[in-house]
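Read from first to last, the chains carry the letters A, B and C; within each, the first residue is number 1.
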Amino acid sequence: MLRLLLKEIRHNPLLWLLVFVPVVFAGEKLAPDSHTLLFVLSVLAIVPLAALLSHATESVAAKTGDSVGGLLNATLGNLTELVIALTALRAGQYMLVKASIAGAIVANTLFMLGASFLLGGLKHHVQEYNRAGARFQAGLLFLATIALLVPSAIAQADRAPEGFTETLSLCLAVLLIVAYALGMLFSLKTHRDFFGSAEHAEAGEAPWPLRLALGTLAGVTVLVALVSEVFVASVQEAAVAFGMTPAFVGFIIVALVGGAAEMASAFSGARKNRLDLSVGIALGSASQIALFVAPVLVLLSYVMGPAPMTLEFWPGAVVMMLIATITAGSVTNSGRSAWFVGVLVLMVYLIFAMTLYLLPPQVR
Amino acid sequence: MLRLLLKEIRHNPLLWLLVFVPVVFAGEKLAPDSHTLLFVLSVLAIVPLAALLSHATESVAAKTGDSVGGLLNATLGNLTELVIALTALRAGQYMLVKASIAGAIVANTLFMLGASFLLGGLKHHVQEYNRAGARFQAGLLFLATIALLVPSAIAQADRAPEGFTETLSLCLAVLLIVAYALGMLFSLKTHRDFFGSAEHAEAGEAPWPLRLALGTLAGVTVLVALVSEVFVASVQEAAVAFGMTPAFVGFIIVALVGGAAEMASAFSGARKNRLDLSVGIALGSASQIALFVAPVLVLLSYVMGPAPMTLEFWPGAVVMMLIATITAGSVTNSGRSAWFVGVLVLMVYLIFAMTLYLLPPQVR
Amino acid sequence: MLRLLLKEIRHNPLLWLLVFVPVVFAGEKLAPDSHTLLFVLSVLAIVPLAALLSHATESVAAKTGDSVGGLLNATLGNLTELVIALTALRAGQYMLVKASIAGAIVANTLFMLGASFLLGGLKHHVQEYNRAGARFQAGLLFLATIALLVPSAIAQADRAPEGFTETLSLCLAVLLIVAYALGMLFSLKTHRDFFGSAEHAEAGEAPWPLRLALGTLAGVTVLVALVSEVFVASVQEAAVAFGMTPAFVGFIIVALVGGAAEMASAFSGARKNRLDLSVGIALGSASQIALFVAPVLVLLSYVMGPAPMTLEFWPGAVVMMLIATITAGSVTNSGRSAWFVGVLVLMVYLIFAMTLYLLPPQVR
């Protein structure tokens, strides 16, 4: 088994970067204050881990079908986001938790989806994918956006009294988890036939055996989580050194690096004309963060946090999530894609990134 | 003729509840202050009337085609809403009028549509319905939402002077009625061919003769209206006894009971795989309230009310109507449905209901 | 060549109005203060020029295909808007520049599109057009709306500091121009095959030779621009004489007269069942104003204006552009049209026009 893994590493130069994984942990012990160095090292270490994860997921997907594989990938890929958010939750940094949640949703629905369309479209004239899967995920995402919109909208419109937002957030969190569970029941059990692939993939690399693939998925995810913690600890101070605002770091940088593993899978799927896999990872991951990770964090804040966390977000973040959801919903409506669709979606993301980059620190 | 009606009543245990209709009127005379009792009695009386209405409508629909039948049903079904609103209008209770209008639109587009999809989907794997009909109704509803949005948005954004909102509301009311009339011309005359059913219905119960069906429709609607008045008079104080907020009562309870008759028809249509009928009733009823009942009330307020009524709504109500319209529009876009679509739509309604239930009395 | 042009003029009574073109210029010299007279004369002069432009464009379109012809028309047609805006820019009247931009976008997406659907639908039962072209333009328009929405939303939500909006507007202007250029590359080069016509046109009038058509296009556009300047100089004071508010004049009157040339082409295309041409002109023109004219004006304000112009709009204008974009996007989603679709779209425009007409002068 391990021989197969080593063979893979020998043939793929990208995986040679795996050497940075122990270097990061060593660096953390030896020079815990060199934030800029730790930041660069942790990014370099996450990239090959993401690549490994990508190959392992594709091996499992090859045996279980693209949709289930995509779901699996999204589930494990978001462990990173969950670990980051839990660390911040325990420290009571609710603004950071919310920024990383909102940023991850926006990055998945716009950057990951848009870049998949662009990368796939540069290689293939037109790409088709399963509309039903995209519609399903967009529907879940829409529900979550409504749930995040209502507390913010009502709280603004009516100056709601104390306690109202906490109770409402708790109820909404339970509702979202129920919706997510019913969604799994629908897509994996009662209407599994809806979510087949639109067209067959090119023959890729030989898939790993299921046990090696699953083992690699689990082990590498843990490593990604550990390296991500170093990354998060260093990113804020490194950002200041590079001249970036906290809003930009929370929404853009953390989300992009936190989702690097899934992006590698999604992009490679798009290049191989398996756009079902890419769309499944991008929207599936976004809806999982919105309907599972975020509500679980609200519930856990009652156990682990210093105070209850609410689902009330900064209005700008709600606007961005709403626009991202609408964009993803209308773009995936046709089940067809070409490179310019990717450009349009990426441009929307760029508008957000620009705005956050230029927003001065004291504002957010 | 009456023998057929009596035979129907003998075979359907639900219709035995009709005995509560005279009981409600007796109760109103004998104990006009037992609000909680009158509330329970009136709900018990509305249920069998709704069932009768459902069977009569289906009989007419069987002879005229689902779309016309749906329209007919929506027209008569909304008499309840119109009567309730007119009573409140005469008393100058404009907040209650607007809450019942907004609540009825939201209940029809989300609860009735969602529950139809869910109930139909639990029995049938996938259901198809006429996209054209749904798109048409969603378009009308979208226009109405814009008309309700603009006065609220402009009045907020610019602190408009006195008299502006009254004049604008009057113009918008006329415009909406014209749009509604042209819509009828389109769907019933020039492009009637667009609105045929997507698939044929199962053979249901034997339809009544047209005259009995029409007579029952008219008579039972009057009874529903009379019982509804008792219901409205008792619901506010009964709600306080049950611990509910006025916002929740106005938006959710009044709308659900007021629409009980149409819901019975819509749900029975969905179970019989006649989703065209269900979608037609749900969206047709919502668009009729928005484009006909609401504007007519504005016009009548100049004749019957103490002061002109405007189309300016509480911002939270506008947000809910907007979300409801967008949800209905995107969900009916494909012309296909499965049970989870119903769950998603119902969840959006649940989010609204939760928020209104938790909103403390002094806020609204 | 000129003989063909004169023959055309002799056979088309509408073109006899061309006599008003020199009359306008004479009037401007002799009675520069008779604003109401100059206003009427300039409108009378623009109509025949618009008609000529329409025939010339159709001749070119007949030789190059509808989509390219539509693009060409939109490009030259918007010269009017650009010239008007540049004159106002040089004078530092940024409110007027922005009102004419927003008004032109809304007039093209709602009035021109809606009237095309209505006029075409009154003659043909159902009309089909190329969905891909409409989706492409709606996508561009959506991107531009997001770009105009974000500075306004963020600036409101967070009270951004000075300089932020200027820098952000500059970045967004560059981004929009890049998106527009990539869009041209996509629609004219890499995916040209997507944008063919859905059905073939009826044989219209005999097309002009390409050189005459191109010459007329260029020459008449210049005349339109010159007459438009007289029109703009007189419209404000004439409007006051007719009792209209400045908001109504800026958004509705200027935009309708400024787009008269394109409207003539779009409407004639719709009547001839060439709805691809109409949709291409309407949405193509709107997206060109949003993604090319507006950003270019921002860039030119650094060179020609007294101060940098931003992309921050009056909130009411942003709401109208957003609604217009969403309306156009959902209406063109099906690729089919009937007369009532036109009514719905025109009604949305009417709601805006009514609101602006009633809005008192001191408010805007």
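Everything below uses one rule, namely that a residue touches a chain if its C-beta (ideal position, glycine included) is under 8 Å from a C-beta of that chain, and two chains touch if they have at least 3 such contacts.
The model shown is predicted, which means the values in this text are computed figures rather than measured ones.
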| item | value |
| --- | --- |
| Interface composition of copies subunit A and subunit C: same or different, split at half | different |
| Subunit B onto subunit C, rotation angle from CA fit, given as a multiple of 5 degrees | 120 |
| Separation of subunit A from subunit C, taking each centre as the mean of its C-alpha atoms, in whole Å | 41 |
| In subunit C, residues with contacts to at least two other chains | 333 |
| In the complex, subunit C residues that touch subunit A | 135-136, 139-140, 142-143, 146-147, 149-151, 153-154, 157-161, 164, 167-168, 171-172, 175, 179, 182-183, 186, 190-191, 194, 329, 333 |
| Residues on subunit B engaged by subunit A in the complex (per definition of touch) | 125-126, 315-316, 319, 323, 327, 330-331, 333-334, 338-341, 343-344, 347-348, 350-352, 354-355, 358-360, 362-364 |
